[in-house]
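Take a look at the structures listed below.
You will see two complexes here that share subunit A, one where it goes with subunit B and one where it goes with subunit C.
On to the complex of A and B.
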């Protein structure tokens, strides 16, 4: 059974539906959830519904931040879409069923003791294989050269209490039980632990069932099977099982982005006990970074992309310069600054999925090797097509403001062509003084919550569901330390898991905590999460919704990308 | 184009040449291939070097291959003197360059981390032997101290300059001889 997180124990959860009657007046206008390709924002014309009402846009496509034309991202309702899996053609369909009843659980407990004795044997075999395998020789050769690579991580004693007390562990293993990745500690020292994990998975599967999670007093173990990989998360955080599963899925996609699904399955078809670390060598940092980023950045939780606040004229000038600098094989041109989206230009009828963009953002932020020169690298965008590689041209336009240009091409041999696109883009924006305007706004890349003018409001996240973009002010006092920031994200995770609980979803929740009051409101058009000082009242918080929504509507040109450009 | 296994110091080698600095601290794997320019003066003529720094990991092999023929015919293969003894991997690399690249290529063999003499595994003579076998110039370098780094690129620049504007009567630039005459010895007797 789940225990509420300690900091939230004083909660007075109040949940009721607001959206029913308010949405009624717009419901007669038919909004088709299942559009032709199941992935696009609503058809043209829906934006004409925009109004000055304090609660505008309850319906998708009319909310503040909704694109005027079409969204730039593949449309997703929430992370249900993520966990459903296999919606991309050719990607594996996921079979999931939950443990049925208590009796099964008891049975497992009973048999576990027997099992664990057998397991020591299994683990020994794995180690033996690792020592004798041919692949491993060159791997160890590679590894010895990189002795300084992850020394801290490698040296960590996996039998120590400090290792056990990490807030969130993530393990990736093959179906043969071979270690592929561990967030903490060297993989090879964890072969027996991972052997046990695989044994658990197999044991439950032998009964034609699937193990999804184990809940204990202070931690959760979440399993995710994505053949040929098994991912396991062990968390002491307040996150829901769904939330941890979503993070595991990101790690899975991260691995796919390096190898493609085709290559990954082919390898294990040919050799079941292949040591995948050989192919993933050098990418540990990228995976580490993704896990750290997910602990800090709400983009992953929101399944949305954070947009850099920017004057429309500047953004449009940049977009049009990117539009001009096109090439035959160019599919996406993306300009980013510190994990925020400046603009994205795409080929007509090609849509990027926010998961793919998050992986790109993570790739860039995980390595300083892109800061100089121009990088050219194969990358699979698993949500777009998990079976093929794109080729990404990555270059920093400015070191101080972290302005980074990403040009995604379909052709491996396109480097000089794409490099030329970059040059043309730079020339154009520099000539039109757009560059200076952009650099100026990057001096203050965020905004303060005080601009909204709601005294008790400390922070908020507003997501426009049809555009897949969200906006959020700078995290200010009292959330100054890293721990406090992570706690704030934890509060949002809590709200999110309550409103998106698959068995009992809510439209509205007001939560009174010890250190803050929280509110979440989810409609088909938007998701709003607000964090108030603990002094405020519920009536005050509800009244603040209208004021905030009005402010966002007023600022939407700056906060969102309303006219997603194409080449 | 800089080639070699992951972690031998290709990027450090390049950064030492380009910025005169040594990238210390933790290893950061290059992703894909990295393209950089540097202009050097050779005998009063400016030569623009376009340098591909490649990722050593196996999964990037295909993208490296795609640019073999585009790299202007100069390949620098780097190994570690502190690494394992020469094995099939090193030969595979050198053979591969010959196979994928055009006929008229220059390949240079460099043994990096020459500053780590007391951890040396591969003797200088072994490097020389391998170089003779493949008919390529060879030297030991150190991205940390900078020994022979400048020389490697300078030799490349000279070769390119001679190719671009060789007069009919002018003798062919002999990169082997040039390197032999200029290189600093880094063998067991210590630095000169």
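On to the complex of A and C.
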């Protein structure tokens, strides 16, 4: 039994620390998924207070996909960030508390400390300092490449109908009402619109109140205040207000990941009407990419991470190679392929938050410049510590399969050390022919829903709540076009927002429609979302749950990372 | 009898105080009336509460204008309908061009006391349903219009001053009757409960109406209502009937206690119309038409957009009849006496016939035992509504027999339905383990709350099928 380090405890929900102990005891008993009287109940009946209801008594930590002894991620309840009440209040304190004790954290903290002294020390002229501070980053990010993409955007007429009818606008502005980012259209042409946004925020604040959202028949406008920034989303999607707010929060974290919270606040403390675009120049593309990714990838909606389906032996061999290729300042070693996690090795007692991993995934997928050679870039992982920079070593191991290795270090002078880790890792997996096995698996990085063997089942998402991992098959017909794929994600967003409604949560939904039938089922252990053909019956759907859960249990070694390794 | 009362939430501490949503303010403005700086006050046509300081009124109106303008950036034709803030929600409605009605509702809140005994207020931001309060705001306008005609009409007749007077006079009282905490899905529907008629009763009603309209040729429209809530005959256009029905059932009827139910010796009974042949009496107009001093003034209503009418509401036992007469005609005491003499006996007979039919219907529907489900049904085509969730309606308060959270889930399902025109069915299980089913088919919506927590999806489906077969096989699915 273990309690999370104090620096993280603010983010860890109660259930996290509670469930782990149980998980260890119960996990070995595999739960047999049988249908009893048409309702789903665990056959062993060990947690069957409500066995007649369709809620099986699976405790968090025993569901398929749950980690064997401890989870890989610090995971949170869905709306933790939104309900925690404004600001990243936790951050400064978190920094302080992490400074006390915790021997294994000391080095990291020392490093953060140095970094922040460096940052505070120079600050005579904010602008100069910031620009010089960005030098190393702009080198690795090759600003010039991105300029061409942006110019299209700059030319968009913000008074045209085509601008208005974008499905989702996102704006970021400073508290002085200065434009920082707009998803569509050049920021400077939107300065009056953003001025109005800020005026609305301040007006409501003057009444000791907080503006949340505006609703019309066609769209929602969602406001999010994260001092010193204000984020505004305008969406024509069917997403709930909370969903849109969650996406805005990702954008906020994205900006923090480039600047750190400390730096961001200090800039505006020193110069209230500072034009942050100067500092973020070249990074708009990362934000654009994040927004596009959120429109397609259910990871963000699920607040979870998807693993690459892989034979346990291969995954374990890779993990152990990564484990051995360690260095003093290495905190996380992450191997990714196209937004799917191959493995993650972490320092003992250090946890990565799924938000931070999503930001890393977005960072590498938004820039082609990482594809060549080795990149070394400072990055803040806002959920881990919003006040300091890590240094990420990013290298593609394979261009075709997008196999990408991320090594996260606390020391910015560590490049050669870390590069050496990469070399050692590569040598090891190549020698043991693990690499070939991995390459073979990457030929089929997803699986088809037909493998489950349920005729009416078109697609599903299954999330293990205790491990923060989810699995989902390839999106297949009839969801072929981008529009149809987005519609499918929209259906999941609908189900998600209803089961996770903050004031009226639901256990179960069965939705019969003209185009498909949908099912959502949330227990303390897992979340299941299923999409059936409209021809399917309710009895069929109930039977399908049992069959699918059995299949996932059978495949869990391949679909999930059950033994998250540490150095 | 209590049904479905268990709370899905954790029991809160005893010191916690729960506050319901309340009306914070309500105002009507027209931005064209004071476009210049310094003239902003002229925009405001009505403001409740009136005590609010002038500058604050101007500021709040200004915020609404800004919100509406701002949202036009993203869709010029569909401006904001609501603004959500931590403490309250504002609802916007533009019923006539440039005339904006705004209703501000404070979110429900819980007052907790912390360790030092200091009160700590927590606003519940997700409790209020937009659809419900948007409907309530629209109802406010419809009700105003029923008794006053349009805003434009008042402007034409007597300028801004007359409009302001009318607004003041109407809303001052009307707003006091808004019971925001008990508003729910039924306000969204704004439906009408119809009496299930058999052929015989239908013919009797028809012959009653023919006889009356033949003898009282001033009467233009006739509506009939049984038991203070079931419509027997509408006689008006749907939208007019809907709002007249709302007025009668939530305001007029509840104000008139039933003398039929009063004790034998109650003063009510002896004062009754001074005749013994029938139980008829006026609910609007003279309380005793035979009194030579009686004033024969009736409220005026506006239907068919601009048509002005006298509203005569006359009741005998459980049957009420509304006669509508062109407002330009003067109604004399003679007319009232004649009406009383003619309608009183006929309506008394009709009322007892219908009452008999009502009792037969009740017996046929089986003995009254606690059912396994409660439901709401609504038909968009004829506005027919039926609810076994709402026990009765007193002056604008409808009592529901289910937990408010379940009512809100019904509201959520209703909003899901309104997103697409397709037929849909949604079955959900709440955290409290109650099953809630929503069905939409061909403009009709049915919502069922089941009391069988342990049922599975298949059983729930069977239960709802059975309900449809028994309850909606005849009148409700055959309209």
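Here is the rule we go by: the second predicted complex is superposed on the first by the 441 of 567 C-alpha atoms of A that agree within 3 Å, B and C clash if a C-alpha of one lies under 4 Å from a C-alpha of the other, contacts with A are read in each partner's own complex, and residues count from 1 in each chain.
As a convention for this text, a contact is a pair of C-beta atoms (placed from the backbone, for glycine too) under 8 Å apart; a residue touches a chain by one contact, two chains touch by 3 or more.
What you see is a predicted model, and the numbers here were worked out from it, not measured in a lab.
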| item | value |
| --- | --- |
| First, second, both or neither for A:460, with subunit B first and subunit C second | neither |
| Which of subunit B and subunit C A:494 touches, first, second, both or neither | second |
| Contact breadth on subunit A, by residue count: subunit C or subunit B | C |
| First, second, both or neither for A:503, with subunit B first and subunit C second | second |
| First, second, both or neither for A:367, with subunit B first and subunit C second | first |
| Touched partner set for A:513, first subunit B, second subunit C, both or neither | second |
| First, second, both or neither for A:279, with subunit B first and subunit C second | first |
| Which superposed partner A:169 touches (first subunit B, second subunit C, both, neither) | second |
| Contact set on subunit A toward subunit B in their complex | 138, 141-142, 144-146, 148-151, 258-259, 278-283, 285, 363, 367-370, 372-378, 391-392, 394, 412-413, 415-416, 419 |
| Contact footprint of subunit C on subunit A as seen in their complex | 37-39, 50, 52-54, 164, 169, 193, 196-197, 199-200, 203-204, 209-219, 221, 234, 238, 241, 494, 498, 501-515, 538-539, 541-542 |
| Subunit B residues within the subunit A interface of the complex | 5-8, 11, 26-37, 53, 55-60, 62-63, 66-67, 70, 80, 83-84, 87, 89 |
| Subunit A-touching residues of subunit C, taken from the complex the two chains share | 63, 66-67, 69-71, 73-75, 78-88, 124-127, 130, 405, 408-409, 412, 416, 419-420, 422-431, 433, 453-459, 461 |
